[in-house]
Every structure is written in structure tokens, then in C-alpha cells.
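Right, I'll just put the structure down here and ask away after.
Every chain is named by a letter (A, B, C, D and E) in the order it is written, and numbering of its residues begins at 1.
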Amino acid sequence: MRNPTASAGTAARREVRKPQSQYGIAWRQFKKHRLAQIGGGVLILLYLLAIFAGFIAPNGLSVYSTETITAFHPPTPIHVRDPDTGRWTRPFVYGYKEELNLTTFQNEYKPDKAQRYPIYYFVKGDKYRILGFIPADLHLFGTKEQNKVFLFGGDKLGRDLFSRTLYAGQISLTIGIAAVLISTILGVILGALAAYFGGWVDNIVMRATEVLSAVPDLFLLISLRALFPIDINPIFALYIIIGILAFIGWGGLARTVRGQLLSVREMDYVAAATSLGANDRRIIFRHMLPALSTYLIVTLSLAIPSYILTESGLSFLGIGAVEPYASWGSLLTAAQEGGFSSFTDRPWVLIPGFFIVLTVLCFQLLGDGLRDAFDPRKRQ
Amino acid sequence: MTTVATDTLLAVNGLKTYFYTDDGVVKSVDGVTFHLNKGETLAVVGESGSGKSVTSLSIMRLIASPPGKIVEGEINFTGKDGKMRDITKLSEAEMRRIRGNDISMIFQEPMTSLNPVYTVGDQIAEAITLHQGKNRKEAMDMAAGMLELVGIPAPKKRVNEFPHQMSGGMRQRVMIAMALSCNPALLIADEPTTALDVTIQAQILDLMRKLQEEIGMSILFITHNLGVVAEMADRVVVMYGGRVVEEGDVVEIFKAPKHPYTMGLLNSIPRVDHAVLKSTDGKKGRLEAIPGNVPNPLSLPPGCAFAPRCKFMIDDCNKAVPALEDTGNGHTSRCIRWREL
Amino acid sequence: EVTPGPFVYPAAWSADAPKEAKRGGELRLSAFSDFRTFNPFTSSEANSIPQRMGTGASLFTQDPRTDDFIPLMAASDPVVSNNGKRFVVTLRRGMQFSDGQEITADDFVSTMNIHKDEKVGSNSYATFFLANKPITIKKLGTYQLQFDFPSVSSSALSRMSFTPQPDHIFGKAYREGGAEAIKKLWTLNEPARNIVSAGMWVVDSYRAGERTVFRKNPNFGEWNKDSAGNALPYLDRMSVAIVKDSNAEIAAFVAGDLDIGNAATADQLSQIQRAVQGGNLKATIIANVSPNATSSWITFNWNQADNPFKQKLFRDVRFRRAMSHLADRDAMVRLAFGGLGTPAYFSTYPIFARNWAPASVPRYEYNIEEAQKLLAQIGFSKKDSEGYLVDKSGRRLEFNLVTNAGNNQREQLMRIFADTAKRAGVKVNAQAIDFNVLVSQLTSTGANRPFDAILLGLSGGTNIYPAGGSNVTPCDSNLHSWNRAGKCLVSQEQLMEKLYFQGDAELNLAKRKQIAAQQLKVESELQPVIYLAGTNFHVVYNTRLGGEMPRNLMDAYNGSRYQALTYIK
Amino acid sequence: MTAAERAATRQQTRIDRLPPMGDTLLDVKNLQKFFPIRGGLMSRVVANVQAVQDVSFSLKRGEVVGLVGESGSGKTTVGRSILRLIEPTGGEVIFNGVDITKLGKGQMRDYRREMQIIFQDPFASLNPRMTVSDIIGEALQIHNLHAGKERVERIAELLRKVGLVPDSMRRYPHEFSGGQRQRIGIARALAVDPSFIVADEPVSALDVSIQAQVVNLIQDLQEELGLTVLFIAHDLAVVEYICDRVIVMYLGRIMEVAPSKDLYTNPKHPYTEALISAAPIPDPTVKTKRIILEGDIPSPIAPPSGCVFRTRCRYAIPECANVVPELRMVGPDHFKACIRDDIL
Amino acid sequence: MLRRLVNSIPVLIGASLLIFFIIQLAPGDFLTSQLLDPNVSPQQIDNLRKQFGLDQPVIVQYFYWIRELLQGNLGLSFAYKQPVADVIAPRILNSLWLVLLNLVLFYIIAIPLGVYGAVRQYSLGDKITSTIMYFFLGFPSFFFALIVIYFILQVRFATGWQIPVGGMTSSNYNELSTVSKVFDVLAHIAIPALTLAIISVAAFSRIMRAQMLEYLNADFIRTARSKGLSESKVVYKHAFRNAIIPFVAGIGGILPGLISGAGFVEVVFAYPGITPMLLDAINQQDLYLIAGFNIVTILLLIVGNLISDVLLTVVDPRIRYA
């Protein structure tokens, strides 16, 4: 506690130091939390991968050939040495020969050493849009013409799973955040209304949350989803899912927000603002809502993973992300549909599952770290 | 204090308890030495953060570890069996035998120091069954007896009540009953009345005095209320910044303090009977405040911890931590200028 | 009057000789969907409990060797009169329900009449009507029945082959309480001991959502014998576990908990194969036994009064032939069905096509150039900046194609079609939509229907006259999906309708085939519906089972074994 | 602007804002506050916490009046009701001649500038998310008092006045010690130039050595700015130093009102007597005979009939249960609510 | 108590309205898919629609249903042609066993983990267990179940042990003695129950940990220690009893959870619980089956809340007098 100089001529050192806000302190605390930092770092990486999916992915979202079959193409190792000369060369992959084996019923692939496809950087390929609007066709890497690099192997139609996983990340990583954001906005507004106005407003909002909590989530999800025919646009359907998730999620939040606000309202500093003549708006926006921020940050970080999981559950029921779009959940569901073959014959299709687990894990660690960082009891 | 008299119950010697926190090492107790005789009441005063509670918890070996640790020093304690042991060296099991039996403790917060989900009788009886090998029935009867002893009306009924059904004063009585249930040789009272109203405080202090006379235990009384000290203590230890700055007989401390902090403290407290101080010209009197702030335990000054706030400070004060000097009559002071005061 | 003996299961129906068969044991099967009722009149799902109980109990049955109907509960072939519209059937003697009551003409009469009561809501209701006119049944004697058909129908024997239900239970209730009384009978709450069956099985125990165990009808063996004269079935029991998840089903089969594997995909076959090769399971796998009686297709909506451009386009036969040329059926089979499928070109399912669709029927196979040529003929020869074909006024060749969400194979077929179409410059906006929405779009009627193109599949039906269908071919039928204006719009439709009725009413098989070939030729040239592909049928069973059919008889239509002849080794 | 000029403008605005209405700044009449306890079906009121009952007193301009009493006696409730931070159940609060309990929200805002409060808990009373300049500036912002650079200057001035360096402006409350926070709270209260301040136990959460600093500060500011202060405390000794008059409360009612010197030397009410006697004297040589009150303060949900103190009063007579004693003058400026004159 | 009941009336009405209208708003109805059935004529469908009352306006259907409901009748399932209660009861019972065992396992795992995490806060063990828990938390339940089945199969192959891979009973169940029946069911339930427990343990053990931490720092714990109590007594008697209070308060929510079944895990393990039936019902829009089941859930929620209120007063003496 480096105290600023006090009144009556103390000789305490004058120390000009950047003032530390709540967030500053929390950040300092957070920096001590190793696992949370790792979680945060990995998440940033995942988000970057998703944002630049178009660029990093060698293929578009749904590119495959109906002539050369690449269904469940195995991952292609990238070679950097010329097998003949043993010298370093430009990275390359082999072409693969495919054959449907009618005893094992699987497409079998064998590398064809004769076909060698060098990997080039910044190749032109499928068109995509950076951040959804700037059209581009440059890809970080790829083979010339048709892409032959399958970092994560191929999916059932022979699409590059690596590319699809990146694109799926765009949906999986946003769906949680978007749903959480919307349910937060709903929850905060309604919770605040309930807390502030009390009376019948409070009654209605609280009854509504009870109704929502009384109806099982899964049922609500499926039924609401069926309510909106999907024949609009798959992406629009996604927004609907997000909306539904948010609709289901706001109840609990509103309840806590209300509780928190009611307790903040009793804080002396709110009384102080009232005594200064602050009006309701000021009290709500300057004093009461900011007090929620730390609570919200923590809840949100912990709520996002549950939405990601919910989305994968929806995909399991076939009402999540719709082809050709994919989410990690829907990719994993595809793997699930393959049953045990996905474990034995083509384990690479499980990679999207790994991404889900990783993301949820990271969000949990991050949320944990944030909770600790914002916990006033951890501070002196 | 090296010589330990035969009637010494507790002798704390060079006790250092540090907390290893993320921000650095908090030297909460940094070389505390004092002793407590049988049947005596020793008051420990000092402001918030000066290490009073940590000292008492160190004696109970209840310092949360991590982050806390007794790094150095001895705590010699003569148990009921008459043997003297160094508490810092006891095993956890041995220590548990001492806790609640030889030494017991009451805390500042009567509202939170009792477990809300058990009846007060249960909580008192727990210590009795543990240390005196009584069965539950006997223990509950004894618990009721203890409640009667501490002046709770209708004790038979009250044993079966829960803490939330009692007022603060009554809970503190329950705490005292619990502490005394095994006739401890030493009662540590860590600010037992700070949270209470004056009228209730008066009741509790009265009770403690009465019980001490009856049971004959020693009391280590921790407080920052000098009024309470004056009323309760035989001798006083004044702490500041984790160290003992002055120790002596209660009258001497109040009448002839030998440390500027003690002096400042005495001057800064308003007193009900002190109307005299008020000037007669109609202007209100002023309190003589100690300037400055309580030091930051993370970065104590290199010399005398009180130096930055001391009006008697000289350059030497900042050079080294002054030694605890004997000023006569068993009175000690940690000030290089005590002679001049 | 001759009293024939029991029905003898021909030795040729089993690959194993009767002497190899052991008696006793349990056949362990699985089913995907839950059982809903014990009541044969209200049950609507496939492979229901009443259906399973009724196994082996109908007047006639089809002999897989010839596809002819042979008498089963009937003592002999029916006596036909009234120009093929009246059938007199004599019952075999000595048949008893599981409760010991004799099976007589009364049982058949009341069963059929209850089915025919629309208030009962029986799923078999339509079976007893021909062009909305009822088939009637009459008891001529305790053991003699007379059926009167409103018109001649090749499916007459099939329609007469329903399972009789006990008149002393249902007939009685019906007479006393009408349809309502029927509906209240035999819900799943009914104790199993009260359930009575005419067929091979009777319910032994039922565990909701989990498993139903059947035990053999003790009286069935009295009139059903193997070729060595032993009472059938050999088995004591049959259990059917409900397994909602196909992985769980495969797991159970691989673990040896099921006797018959429902392997439909390459993955499932491969898992079983892996377990067999690893020595962990003893099972027989016969892949690609035959195509399935199913196919997927795309239909284009001819009723788009609001959109003359599309209406004209979809009604143009050259457009539809072009679309057929754009369907890469081999890719579909390889990608969507993992190589385990068969291309389809007609309404006749691939399994029947080999017998019913001669080479003279044209097939518009995958051929992009041909498609582009045809499209150029209707004015789409230029491409726009995005590479899509446009006509002279710049209108893009574009339409929406929908299928139902949740069916992966269909979604993949749709994608593959859209992708190849794109290569030809046709923009297909492919979407998966809610099944119910899809159905209501498809079955909507009038001059303006709310869709462009729908990809769907149909299955079921018999091989009696497998060209078109009563609810598909006639211009006013409800699955005449391309045109629901209520009347035929082009002469070919009319012709197809005419041929269909003609063929359906033809009792001679060779002649039927001829008519069918004619009908299919018209259909194929018209391409009202673009047929894509269908899956194949595989046979997988635990080798502890014996008594399967000879390989040449197995197919998707006949199945792989008679339960009566199945035994546990 | 020199300090003198500033003082002059301050005076000026003060007069413009509210012309002084006589000698009495604040007159509290029959103030009453019940907190309903809800329960049962349809959450009806099943009982009331009678936190304040029929409390009347008045404050003269520039006067410092102490309000003492045990925990739960209703001191905070009185203080907050006066400021209308909680709505009183009954009674009038006449501030400068106007009954502010009748004012609308908007009108009340003007009066808020005149009346401020300092809180007991220096930790809870500062918004942890705002910097000191935001906290103090908020007052200025609400009332559009100064703008831009001037506002910063005003904040700096206020900080200096309460003995903090202006640098503190950019810091957050948690970076300050309790005493310093209490100073920030005082600066905030002073920012709008109030004429009346409720100080609700401003020092009881502070360290002994810091207490005196803050008490002195409040005293200095009061003298310098001519503030009228209602000083709430449970510590009689502190009140004695700072107050001209003292009001003693017990269980929601006033027991005694007297000039502070008078009260300590010559308490007239048995409760005051006990309260003074219970306070320990920091002098080991003085051993007074304590009057120890038996039992606890009764529940305010069902306070005793008649005199609320009678259950713990050693002078209680049966009569005490019958009448609620009125506050009677028993000496110059000295009032008590006790029916017995034959004691003390 | 009574007040809670009265308060739950609007919830019941609101929820039933919500459920009913959501189901009805979805396109089509129970009979739509039968339009594709070549054996079912459109006239017959209209006929059935009339029989089921599906031709009435939604609001009329709702009031009809509510009237039935007030007479304790949950309606008739379209698909099963049987009263809803009869359809759901056996499945709920099946789910109940599964979820009960799951709960038991869940608490057996989660509570010690939470307590351990709190007592040894920030120890390596604490960090490792919580990371592993989070790792499991990230698995979608259906996928985790599949992995479990796969591993069981492998174990079966490797050892020949008859570990059940799905279902609730063995096929020879009916021939077993009562004791064997119990064991048979237990063996079948154990693995899905454990699967469920493992997935959900993480969240709970973290809350348990936080609760324990909160109370381990409480003043009364210090009091308990100062009495000389052993550490285990301090932790399990004093801190634990307080820490579980919020969970007792949450027991009300468990009751509907018990009958709502184990979700996708039931599907993947081919367990005859309520979920597979519900999924079918929703797919087919078996209106009254869904609505009836939901009403049961809500009623149980209300009853559960009452029960947890009662339990809470037992566990937390403060409640009684508040």
C-alpha cells in the first residue's frame, strides 16, 4: 500500500505511479494465474485462426471433387527432404491413390511416390472474404491447382478437414459469444428493470424467468428451432439458434443481475450519489451497472463454453450448423455418425472434437483466472 | 526477557511470523518478546495491523499456512501439568491437546465466530468431550452450567438454541463459556468487545474480571481501546509495526509512557471524564492527533517504524531498529530517545 | 371337400436341411423405433408388435423363388370369378390362435371390417379400397370366405393377405362398442398374457422403450411344418431391443448381444468386419446383396403460375433431361453411400428394375456436355460473370432445391447435384428444411405451389406392379409431386396414368411386365422426376444363427431368412 | 481568484440559492420511520421495525449537534431520513423553513446541494470503479458547478482542504488508507458547498491514531465554513469534543438532549447516566463504580410499552410502562424523556 | 410454504402456455409426415386430424387440454394412443434409476474433489484435478458416451468380461432371480451413470471448492480450531455442513432433473429412459405427450422447491426464524 502523501507533513515518499483501476489490479492478479494465461493465449490463437480462416485454410469451406475421390483422405505428411537425394527441398506432399476396398468397405489410400506436389506459399485459390466483406483469394499455403494438402485429412465428402475445422471455428467460437452477449443484454436489461422498478415489473420478469427455468432447456431448444423453418439461409438459421440460446439463457442472468443490483443499491456510495442529487439514470449507469461488470465478465467467460457445448448437442440432433456450413459440433457429429470407424479407421475426423474440448477447457481456465483476479478477497 | 520467573505462564521470545504473499513478505510479527505471569492480565495494544492478532494466533499456532509461517522465536508455555514447552516445536497433535484445554481463545467478532448450523450447546460441549473425555450428555450439562456461569438466563433452554437466536453480547458470552469450559491456564481474548456496544462491553468486561477471579487464569487481552486496557490490565504491551515498542505496568504506561507512540496514542483519544481539557473560552477543545498514516507492513522503514510519524524523530531513528531498552521497573521501551521524553 | 394338411415350408427356402436345425433358443433382434401398441388396428409404425406377432399368418404369401402368391392360411389357391373380381378362399383347417381358439372365417371378416372402419383409423385402411371403392368380404361358411373387388387388381392376393385377429376379442368389442372400443383395446398397458396371436409369435414380456420378448405361439406348429414334418418355428423366443442410436446397435451386435446386424453404411459394415477379422466376433457378412427397395429423386414443380419463367422451364422436357444428365449418380453412390448403392433412373426401384425395366427404356446418364447442349437448346448458352448460364434476356438459370434437414445422405445427394450443376453453369440453391414444411410444400395443390425443386426419397411397395404407384402416377394422386394441378398437363402423363391402371389390373405377370416397360419408357422420356440413386441391402448375422435363405433368394425384398426356419446352432 | 474572492462568491451563491430563514436551519418534527417486514401470503406487511419513533429536534445555523446511542437505536435512520435517502414514514423535516419531505424529486435536488452526508464505512462509500476526481467531480457535474479546467482546480482545492495532495485525484479509492478515504468522502460532501452535513459515525471505522485526525479535520472545516453538523456517533467521548449539544437516542426515541458539557457532568436521564458510566476511562488509576445495564436492547419490532428504556432501567417504576414520557425541559437547553424527577 | 404454492400458479400457467404454443407453432402436426405414406389417404388424415382435435384453433385446443389437466388427465399420446401418464411413467422410472445412480456417483466424486481442492488450494493436486475435470467438461456428452462404449468394447474383446455396452437389462433378464435382476440392472446402469457423473463433476466440484474455501476462511472455523479439534473434524463437521447449504437449497431442481433423464447419454447407450421417447415425440409433434411430460416436470419442480425449502430449514437453522 504505497500511500500517497497524507495531510499533516508526513515524510512519506512522493511517488508518482500510474493509478491502478480495478481492472489494472485484476490484470495484475491475472498475470499471476499461469493456467488462465495459457487458456487466454490459446483462445486468442484460436480466434485468430478463425478470423483468418479464409487465408490460412488452403481450401474453401466446401470444396471437393466428384471425380477424384478424396473421401476420408488421410492426413498428408509434409516432406521437406527429397527422398531420392536426401536434400532439403521445398515442402511437398505426395499424391494419393484411392481404392474402395470391398472387404473392409473403406476407401484405402496409398501415397503415390511418383506424384509429388510442392507446397507454395501465398497461392491463389478459392475465393473468400476477409472478415466477411473484403473479397480475397490468397491462401497461406497450398499446392498449385487443386489442393493436395490435407493437414487434418479429409471428411466424408473428401473436403479438407483442416479448412473446414478453421471455418467451423468461425461459427463455434462466435456462437457462444454471440449467444452470451445477447442473453447478457437481455438479462441485464430485464434484471435491471426488475430491480429498479420493483413492483409488478419485477413480478413479471421474475415469473418469466421462473417459467423459462421450469421448461427443460433441451425441449425449448428443439421446439423453438422447429418453429423457424430453415429454408431461409443456413447462416440466418444460425442466428436463430443464437437467438434461441440467448432466449433460454437470459433468465438466470436476469435473476442474478437483479439480486446484485438490489445489493448494490444498498451500497453507501449509491446513497452518496443520491445525496449529491444524482438522478436515476446516472445512478443506474454510473454506479449500479459498472458494479456488475466484474460479475458479468466472470459469468460470461464461464457461460460461453456451455453454449459451445449446447450447440454441439444441437448438431447431434441435426439442428445445429447446416451444410455446407459447419461448426465443430457438426463436424464432431459427423464423426459420431461414423461410429467406431471414426476411432479405428480415420481418427483424424475427431480433431474438431479436440478443438471443442480445448476451447471449453481454455474458457474455463480463463474464467477461473478472471474470477480469481476480480475476487476482492484475493487482494489486500 | 531472558530470565523466566517460575510463575511465568507464557514467555514469548523473539517471535517472528511472516506472511509470504504475492506482493512480498509481510513481516506481521517481527521479533516480539514479552511474558505473562500466572493469574495476570496482560494487555496488548496497538493499532490495526500492528500484529496483535498474528501474535495471538501464533501462540495458538493457528496461523494460516501458507501464506503465514512462524519463522523464528520461542513461545514457552507452562501447561496445566506444570511442564514448560516451546509451542513452536510441538507436533500438531500435541498442539491440539493444548488448544482449548490449556489455552483458549475468544475472538473479536461474536457474530461470525460461532458456527451458525450447530447449537451453542453443541459447540461448547465439543471442547468438553474432546479434552475431558465426557460423554455427550455430561458435556451438554456442563455446557449449560458454563452458560449459567457467564450469566445467560435460562441456560437449560439456551443450550439448545442456535447462535442466530442470540444477540451479540450473548454470543460473546457463549464464546467465553466455550473458552472457559476446560479451565484453561491462559485465555487469549482478541478484541473481545470491539464489536459490542459500550453498555454490553461493560457487561462483558465485568464478567471477564469476575471469572478471572474465580478461575484464576491468566488473560492475554488484545485491544486497541486504551480505556479497556486501563480497566482490565495489570501490565501492557504496546505494539507498532509488528514489534513491541513498549512494555510495562499499566499505571506506568498511562502515567509515564516511555515511547512517543504510546504518548501520541494517549493524547489522541478523547475521554469522557476529560471535560477539563476543554478550554474555557467556549472554543471547543482539540484532540492531539498523531500525524500520518499507519505504516505499510510490506515496506516498513529501515529504522524505527514509528519514525515517519514521530515528532521526536532524529536522523538516528532511521538508521537501525532501536533496541528494546529497560527503563526500570521492568518497563521497557523501543525508543532511542526514551530518556528525553 | 379336401382337408389339406399343414403348410409346409419348402426346403428350398432355407440353405440348411431340416435335420441340421436345433430346437429352442432365442433370436435377438433390434429395432430403431419404439413400440407403440399391441393393438393391430391402431398400430401405425413399421415392424410393430402386432406385425411381428402375425408373422406367418396370412391367407397367401409370396414365394421368393417365383414371386407367386401361394396359399398359406388358405387351403388352396382362390377360386376366381366375376372377371377376376370375386375370390372365394377356403381356409386351412386346424389353425388356432395362441389362446387355443380356432381361426375361422369370422376372424377374417371382422378383422377386415374393423380395418375398413375409418373411425378406427387403421393404417391398413387404404389396403381395402381400390380407387375409393371398398373391397368387401363375406363369410360363406366357417372355413370359407368370399372377397369382392370393385375392379380387377393384380394386387388382389396381396390385399387379401392380412393377418386375422381374434374375433372373440376384437370382433366382440367392435360389435359392442364400435370403433371406440377397438381403440381402447390392447394398449401397452395390457398384460402380455391377454394378448392373442394368430401368427408365429405372441408377446411374452414388454419393457417400455427397452425390449419386447416374444415367445412362440404354441399352436402355430400345428399347421406349419418344415419339409421333414417338424413343427415350426424351431425357436422358442424372439426378442427385439429398442436401440435408438445406430452406433449402439452396432456395438451391441459386435459385442454379440444381437443376432442380426442392421448394417446400412460402409462404416457399419467395416466395424463388423473389423471385429470378425480381429477374431472378436463370429458373423457372416454378405454385402451388396441387392439394391434396396428405395430411391431418391428430385422433382420440379410445374405449378408456378406466379413465376412463368420457372414454370416454363420446369415444364420443358429438355430442361429435365438436362438435369438428369447433371446427376452424377456414380459420385452420389460413392460419396453419399460409400460405394454401397445403385444408381436409379426410374420410378421402379433399382431392386426391381432388373426384372422390370428392359434396356429399351432410355436412361439419361451423367453427361455434362449433353446437359449443356440441351440447355443451349432452350436458350441458355451464354454465361454471366459468375459463370452461370443466362438466357437472352439475361435471366440466370437458377432454382432452389430443398430436402429435409437431418437426413445426411439426402443432404449429400443434394450437395453433389448442386455442385455438378454449378459446373455446368446452373445455379442450384440447395437447402435443408424442416421435414413437415417440406411435406406440406410437396403435397400442396393448385396452380401455384411454393417450391422449385424437392429432393426426397420413397420406399416401400411390392413387386407386383412396381412401375409408378397408385399415389404417384395418376394425375390426381397426392404424390404426383411435379404436378398437383389436379389434372394431367401433358399427354405423356395421361398415357402413364392409363398404362399404370392397365398394368395394375393385369393379372398375367408377363403382360404386366410388358405394360410396365411401356410405361417406364414414357416416364423416362418425360423425366417428370429425376431419379438419382438408392442404397444397397446387406446381410449381416451372427453365425450362431442357422436357417438363412440360400444366397440366390436373399434380397432386400425377400429378406435373408424365414424366422420359422431360423434356428440357433 | 484569490481565496478571499472565492469565499465571497461562495457566500454570494449561498445567499442566492437559499435565503436564510431565521436562526434555525433544520427542524425535525415527529420524525418516524418504520421498515415493514413482509411475509405470509401475498407478502403482506406482518410487522414493522420501528426504527425511529416520534423524534423531534432542531439545529441552529453553525451548530454541531451529536447524536449518540447504542447500535440499532435509529441514529443512521434519523440521519438518512433527514436527507431523504430513505423516505420517512411520518413527520416533517423543515430545512431552512421548507418541509423537504413534501418536495418532489426535482425540487429535492436543489436542496441536496445544501445537505450532505459523510458515511461510517470509508470502504463502502466510495465507488471502487471511479477515480477520486470522478468521485468528487460527480457532485460538480450533477450540479453543473464548474467546467473543464476549473473543475479540476476545484477538485484539487477540495483535496487540499481535506489534507490530501491534489495528485491523489487520479487514483482509485482502494489505493488509500481508511483515514484518507474518509477525507475523500468529506471532500465529496464539501464539493457542493453544503450548509448542513450529517456525519454518520465518520470515525468509528478508523484506527485510534487516525480518528483524532479526522475529528480535527471535521471540526476545522465546520469552523472555517460555518457548517451545521449532525454528528452521529456511538462513542460519547468523541461527541463531547466536537459537539455543542448532544441528543441521546434509545430504541428509536430521544432520551435526552443537552449541551454537551452539561450532559457529561450532569446527565439527567438514567440511560445517559448508564451510557457515560459504561464508557471505560483510559486511566488505570481511576476506578469508577460502573452502572452495568442488564440485558440487551429490546427488539425494535416490538418495543416495550411506555418508556422504551424501562426494561433495563434501574429506576423503573410500574408507572413507566404506562406512558410514553415526553421530552421535558429540565434545565437550560436541557431536555429529558423520563417521568421521574426524583433521580439524578 | 403456502405462499410458494400460490406463487407457482402463474408459473405453471405461463409454462404450460409457452410449451403448448411453441409446439403448436412449429410447422405441420403429428399427421403431416403421414402424407407421404402411400397407405394413408389424405381423407383418412383429415379424419384423424378431426379425431385428435388438431383441426381446432390452437387456443381451443389449449383450453380443452387445460380442462383435462385440471381433472388430472395429461391427455392422450397420438403415437401411443395411450394416456400420456401411462406412456411416460415406465420411462421416467428407468431414467430415475439411471439419474439416481449418476447422482450418487456424482456426489461421491465431486464432494471429495471439491473439499480436496479447497483444503489443498493451489497445490499441484488441486490444479491437476481441476484441469482434468475441465477437460472432461469440454466433451459433448454424446461424444464422450461413444468413446466410453468404444473402450468397453475393446475391454470386452481383450478380457472377455461381459461388460454391458447398452440397454438396461440383459436379454435373459426375465429368467433371473430377483437379486440377479438388481445386479443386472446395476451393471447396465453403472457405466452410463458414471459417464454422466464424470462429465458433470467439474462444474460442481468447483462450486463445492469455492464454497468450502469461503467457509474454511470463516471465523467460526478458527474458533473450532482453537478448541483443539482435529483438522478432519474442522473440515467435515464445521466447514462442510455450511458449505452444502446452497446445494440443499438446490435439491428442488434435482427432482425434475431426475425424471428428465440423462439426455443424449440415454440415446447413445440405448437406455430406455425418457429422452429417446421425448426426442421421438418432439420429432413427431406428439403434442400432448410433450406437453404432458413438461407439466409433470414443472409440477415436480414446484414440489422439489417445496422439499428443498423443508430440507433447508433442517440443514440451516437460520431459515426457520428468518
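As a working rule, contacts are C-beta pairs under 8 Å (C-beta built on N, C-alpha and C of every residue); 3 or more make two chains touch, one makes a residue touch a chain.
Not measured: the values here are computed from a predicted model.
Steps from subunit C to subunit D, minimised over paths through touching chains, total 2. With centres taken as mean C-alpha coordinates, the chain found closest to the middle of all protein C-alpha atoms is E. Using the mean of the Cα atoms as each chain's centre, the chain most removed from subunit B is C. Averaging C-alpha coordinates per chain places the centre of subunit B 32 Å away from that of subunit D. Mean C-alpha positions place subunit B and subunit C at a centre distance of 91 Å.
Note: centroid distance subunit A to subunit C, computed from Cα atoms, is 45 Å.
Centres computed as Cα averages put subunit B at a distance of 53 Å from subunit E.
Among the residues of subunit D, those touching two or more other chains are numbered 177, 179-180, 213.
Residue positions of subunit B touching 2 or more other chains, listed in rising order: 289, 291, 293, 309. Chain contacts: subunit C has residues 247, 251, 254, 434, 437 touching two or more partner chains. Residues of subunit A that touch subunit E in their complex: 35, 207-208, 210-211, 213-216, 218-220, 222-224, 226-227, 229, 305, 309, 312-313, 316-317, 329, 332-333, 335-336, 339-340, 343, 353, 356-361, 364-365, 368, 377. Of all residues in subunit C, only 246-247, 250-251, 254, 266-271, 273-274, 287, 328, 331, 334-335, 338-340, 402, 405-406, 408, 411-412, 415-416, 419-420, 431-434, 437 touch subunit A in the complex they form.
Put simply, subunit E touches subunit C in their complex at residues 26-29, 32-44, 47-48, 51, 79-82, 86-87, 90-91, 94, 146, 149-150, 153, 156-157, 165-169, 171, 173-174, 267-270, 272-273, 276-277, 279-280, 285. Interface residues of subunit A facing subunit C in the complex, by the touch rule stated above, are 62, 64, 66-67, 69, 71, 100, 102-107, 156-158, 226, 229-231, 233-234, 317-319, 322-324, 334, 336-342, 344-345.
The touching residues of subunit B, when paired with subunit E in their complex, are 57, 60, 62, 92, 95-101, 104-105, 107, 109, 112-119, 123, 126-127, 130-131, 162, 164-165, 175, 178.
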